[in-house]
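By letter and in written order, the chains are A, B, C, D, E and F; residue numbering begins at 1 in each of them.
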Amino acid sequence: MGGTETDIPLLVDGKRNDGRTIDQMRPVKIEAGVLERADGSAYVELGETHAIAAVYGPKEMHPRHALIPNKGVLKVRYSMLPFSVGDRKRPGPDRRSREIAKVTREAFESVVLLDKYPRSAIEIDINIMQADAGTRVVGLTAASVALADAGIAMTDLISSCASGKIEDTVVLDLNGLEDNCGQADVPIAMTGKGEQIALMQMDGLMTKEELNQAMEYAVTGCKELHKAQVDALRRRYQ
Amino acid sequence: MSVQIIPTLAKKATRALIKSGKRSDGRAFDQMRPVKITVGDYKRAEGSATCWLGKTMVAAGIKIGVGTPYPDSPNVGVLSSNAELVPAADPQFQAGPPKEEAIELARVVDRGIRESKCIELEKLCITPGEETRMVYIDSYVMDNDGNYMDAASIAAITALHNTVIEDFGPLPITKKPIANTFIKVGSDILLDPCLEEEYVADARLTISVEENNNVCAMQKAGSGSWTKDEVLKCVDLAITRAAETRKKVEDALAAFGKEPAPAQPSAGKM
Amino acid sequence: MSVQIIPTLAKKATRALIKSGKRSDGRAFDQMRPVKITVGDYKRAEGSATCWLGKTMVAAGIKIGVGTPYPDSPNVGVLSSNAELVPAADPQFQAGPPKEEAIELARVVDRGIRESKCIELEKLCITPGEETRMVYIDSYVMDNDGNYMDAASIAAITALHNTVIEDFGPLPITKKPIANTFIKVGSDILLDPCLEEEYVADARLTISVEENNNVCAMQKAGSGSWTKDEVLKCVDLAITRAAETRKKVEDALAAFGKEPAPAQPSAGKM
Amino acid sequence: MGGTETDIPLLVDGKRNDGRTIDQMRPVKIEAGVLERADGSAYVELGETHAIAAVYGPKEMHPRHALIPNKGVLKVRYSMLPFSVGDRKRPGPDRRSREIAKVTREAFESVVLLDKYPRSAIEIDINIMQADAGTRVVGLTAASVALADAGIAMTDLISSCASGKIEDTVVLDLNGLEDNCGQADVPIAMTGKGEQIALMQMDGLMTKEELNQAMEYAVTGCKELHKAQVDALRRRYQ
Amino acid sequence: MGGTETDIPLLVDGKRNDGRTIDQMRPVKIEAGVLERADGSAYVELGETHAIAAVYGPKEMHPRHALIPNKGVLKVRYSMLPFSVGDRKRPGPDRRSREIAKVTREAFESVVLLDKYPRSAIEIDINIMQADAGTRVVGLTAASVALADAGIAMTDLISSCASGKIEDTVVLDLNGLEDNCGQADVPIAMTGKGEQIALMQMDGLMTKEELNQAMEYAVTGCKELHKAQVDALRRRYQ
Amino acid sequence: MSVQIIPTLAKKATRALIKSGKRSDGRAFDQMRPVKITVGDYKRAEGSATCWLGKTMVAAGIKIGVGTPYPDSPNVGVLSSNAELVPAADPQFQAGPPKEEAIELARVVDRGIRESKCIELEKLCITPGEETRMVYIDSYVMDNDGNYMDAASIAAITALHNTVIEDFGPLPITKKPIANTFIKVGSDILLDPCLEEEYVADARLTISVEENNNVCAMQKAGSGSWTKDEVLKCVDLAITRAAETRKKVEDALAAFGKEPAPAQPSAGKM
């Protein structure tokens, strides 16, 4: 957590600086099939955090020596555009991007039916167009819709949001200011039914009880996202 | 490399259609696809825009930083251009360090803007020889159906005109250079090629034109060649089409309410 | 990739053993391998330690440098973590730039330490905005028999507590966050997996816990998933085991004669 | 264009700072077969700009997956030696070098009979030993002779020079000072007969009429170079 | 040589700053088989310079196109840990590391029976844990034991130490202070019988006579090391 | 790797010839190929030279820059050496980051010059601890018929003696260390090997010698080994040959009219 000090009160009478209640998510907007060339694609807004994800595949695996004979390989690229953040981000993957790509890939490995795609690759490309906290969860939510849009077989959609802690209170879905000045951040990805945690990271300080609360909020958030994901896919195929 | 994976049959059909004077989307050879421009799309950027040429989409964002001027021009701001062919945009685009196509894109976008001298870079210097504002142009090809070069050029110049620098004001910029890309297929010359037309192109020529109808940058690419007369014919058409496209940029900026007034003289003083 | 080269038969046997409630080395599921910690092993480092979890060995060294603080925290020292999976440690570890496993290791070790706020980084600043001490943590996995993540976390926090800065005194550090890694094999949860257990793991979960029993970092990895109840169960066990491991860190530091006294207030003044 | 201001008059009574007329090229010197190991090589001087080009091939294509079954692949490397310029250039390719290598390769693809070299690679290596403007055109002119020296089948030699604009006047073949202080630079490569433009770039500001003039000067320049190229090859094989 | 000036006398009455005589090596400690996973491994201390070497192989050669049909390929990585030196060393190979890896590999090529390992790779990984001069010779001595521990066929063990020159006197085995303030450094690797020089580098200034003396000291040093290497291997297999 | 592509038959023939006491070009084993040196060839460099050993050609250029001294030698100029095996020079030389051969070349050239202390680097410091002149040596192997190491060493030292620094005067340099490379083929030792001889070499030994017949750098390479007596024999011959080569360097510098007078005491003052 940034832990930057701030004079702005983050929580006043149960309301957050952007007017939300502690268990309220920022406005969600999801659209499927936003790109022409990709096999599947999606655009997701969560407040001021915006991501575009694209999926290609199943396609021939390169390099050949890395293919797996009896199942497919997921590849994930996560990239923040240089102008998506306050200080320009240098292009190219940094260590944070590579870690996020890894945990995102592992999240999807729990739902994509890779056995159906022997010797193949499925490529997920996540682009953060605008960042205001929660980029990994927004990117993951977008990638899940893009996978479905591409017709990739999955046991379930994945939905992802973060809980956090500000002024000793657990809240759902930190915005940028809360992320910079907060006490903990817990990005979580869940399958649609909210039972399986496919991604979980945490930094900051939380008691076991707070962590429990954080996960409960995340279940609510992910359910809301799941509904929006399904709606977007439905609109796409009407 | 992309040429290899397009079935020969499809390429033959495209060539035959062109030879008969037609394009698959019904356009005339000297006609552009629909140009759509949105402004201010990416709010963390100091300026931004998106340009669609048909289905091709490029996002451009401007970031302002602070750095050291070049030793040989100590009182001039620094302009830096970067472009990426995002894997999302095309199955041929691979992750990894920029390939020569992305480098060429960045450099051609840069040249059109730099050589038109549209940005008053001297106004961006803070302390001569020590500190200056840096203008970073990042063009991201998000969806590729051909001619990302012109889409990137249009997105970038629109984003620059949309740029407001904190504690300074609007970016001091005067002109709107516009890139116009032609391909040659056999003896035919086509403006604004879509992807299937690029696959059968013998050569490419990009011509950037500024307000006074001066050419400010050119770039020939591809394995074929051009005659002098073909080049001059393209220049003529580029001048005409650039004026039309420039109007669309202005309309988009006006719609955003941000066709900025000329930078105030006082702005440069700080 | 390593999964590919382990014979299917061996993996089946490991899974069957676990299903029957046993581990190949006779431990209980919630039991760690023998923890061995030595302190001050690498004398050119300002602080160092080695940790063995069973046969897994990680060397950690702390170097202190001088650099520029981050613009957004001008009076705070800089902490930088790096990890390497040395080719000596495992036939699967290849020379070359760090792969995602090494990056994840460095970042998880870093997060546990950083988020516990155990290092009083403000005391390390020399001239606000201009010059600060830099704390470099380098964790080197020298021998891999599974769970290098916890071994690295233990070696790193021990090395930090062993650190003495020239012209300053002991590194101002207050707490000892400890990482605890669990894997899930079918419906069983195992603490401190050895390598053959990692090969059959469905998912991994690392939980760092500090003195006050606060969780300060978590990282889920692997292709499987966890339920909320499983996570809470792991947190409970992590809190218990972290306290035991922390005691071993303290014993090792004491044996070295260097469980340092709290940094003197005067130390920060220079 | 550098656009650096200067007190040195670039044009006085139709004469340029180095004494040339506006349509006069700097002195040319070309030698073929200057290296022992290369299959073909050439040295070209245009005033104070000096290049050595070498050609190897046709040879086996690496990596194998990039070979083309029914034709050869051209590879071009363009490199300015660190001591070829005023401020030492860091070794290794930069973005400018890579762009120049691309347009140079594409220029040669218009004349090399690649169909004759299925599954093969032809490698062109251009080294700028000393730079005083026009390095890409001098490198290209050298590479063309090196290709011929290597016996690579071509429909024609390529010759290359630049036109430019100084003090509102179009001139042939900018020197370093003119390049730094001038208004436009137009490097052009033409086939020997001066009819086909195989490379053309431009930066600066020019009207259509000026561009026309620039191309006409380039035709003259390229014809002079073509003659010198043919002479060099003739000397080599006498 | 560093050639840094110093007020510390390096040599007083034939004694060096650490109490050694001019032909005395620092204390040696060698242990074989210190790592579990590696096929062979060794730990070597020479005074305050400590190295761990590991060997894997013979194993399948990667990349495949670089394998040699009728013999094995040696690969050597030499790495100083970031905390092994005074100022933190940036991770990753620098030019010095790569040169040392090359000369180390070539030293072992003179004794490893590569003909016995067609199409295979033998990988040597040298890690300098703590550096006080002589890291390449200590690393090489460790790697030799690790190769033997891995059962790799060799004509002989290699032992390696450095001679040097301080205050116009040739001495055996420079320590860190002597290396920084000395006049010459001559790392040498010899086969066990001290007859064949498998590695030799030199920097500083030495007459032919001094060089002769340096080599003679190195023979003595290498013989002592050879004994310690054999002892370590014996202990390992008792 | 290059060894692989030379037909076994050709290698056998070369070995047989050497065994019979002969070299393909008729030289004696202890004889160099014709040495040709030209001076001042690359005019943008502050100093330059080209050296041919037979058909092997290396171009060396010296550039002077301004930078920061190393912290541990604040009043000493910085010497930086780089070498490239240009693809033009040999079909085995590939484009890309420097391979170990190029790195070794740069480091051996550097060592011979640095260790002879021929450059008075202290005179190049501008403001101790803050600013100093940097001396960059770039050796470019343009044509390879063996023994580029000696050719580069000769080109580099000649270029350094040809160097004039703007606003300062000639580079303050006193000596001319010369590298001499030997190979061992069976029991025979050959000076200045050509390429076909290198292909059959068992081991290589480079010995740099300065004016006072001190050895200032050595480098053994290759898979074979040397005896002590062989090394001493090579040292003897290196001393003799270095003196001859040094004379050629001096002649070339004199012919260029630029065997510079010793740097004036006043020059160092600015």
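Note that in this section a contact is a pair of C-beta atoms (placed from the backbone, for glycine too) under 8 Å apart; a residue touches a chain by one contact, two chains touch by 3 or more.
Bear in mind the structure is a predicted one, so any value in this text is a computation, not a measurement.
For chain A and chain D, which third chains touch each of them?
B
Could you figure out which pair among A-C, E-F or D-F mirrors the A-B interface, over half of its contact pairs being identical by residue number?
The chain pair with the recurring interface is D-F.
Of all chains present, which has the mean Cα position farthest from that of chain F?
A
What's the chain with its C-alpha centre farthest out from chain B?
E
Could you grab the centroid distance between chain B and chain F? Build each centroid from C-alpha atoms only and quote it in angstrom.
Distance between chain centres: 48 Å.
Let me have the rounded angstrom distance from the C-alpha centre of chain B over to the C-alpha centre of chain D, please.
Here the centre of chain D sits 26 Å away from the centre of chain B.
Can you check how far apart chain C and chain E are, centre to centre, with Cα atoms defining each centre and the answer in Å?
It comes to 32 Å between the two C-alpha centres.
Can you list every residue of chain F that touches 2 or more other chains, as numbers and ranges?
none
What order results when the ring of chains is traversed from chain A, passing next through chain B?
Starting at chain A and heading to chain B first, the ring runs A, B, D, F, E, C.
Chain F touches which residues of chain E in the complex?
On the chain E side, the touching residues are 1, 3-4, 66, 68, 95-96, 98-99, 101-103, 106, 109-110, 184, 186, 191, 195-208, 211-212, 215-216, 219.
Which of the residues in chain C end up touching chain E in this complex?
Chain C residues touching chain E: 41-45, 48, 55, 57, 59, 61-63, 65, 82, 84, 86-91, 95, 97-98, 136, 138, 140, 142-145.
If you look only at chain C, which of its residues touch chain A in the complex?
So the residues of chain C touching chain A come out as 1, 4, 72-73, 100, 103-104, 106-107, 111, 114-117, 203, 205, 210, 213-228, 231-232, 235-236, 239.
Tell me, which parts of chain A touch chain B in their complex?
Where chain A meets chain B, its residues are 35-38, 41, 48, 50, 52-54, 56, 59, 77, 79, 81-88, 91-92, 123, 125, 127, 129-132.
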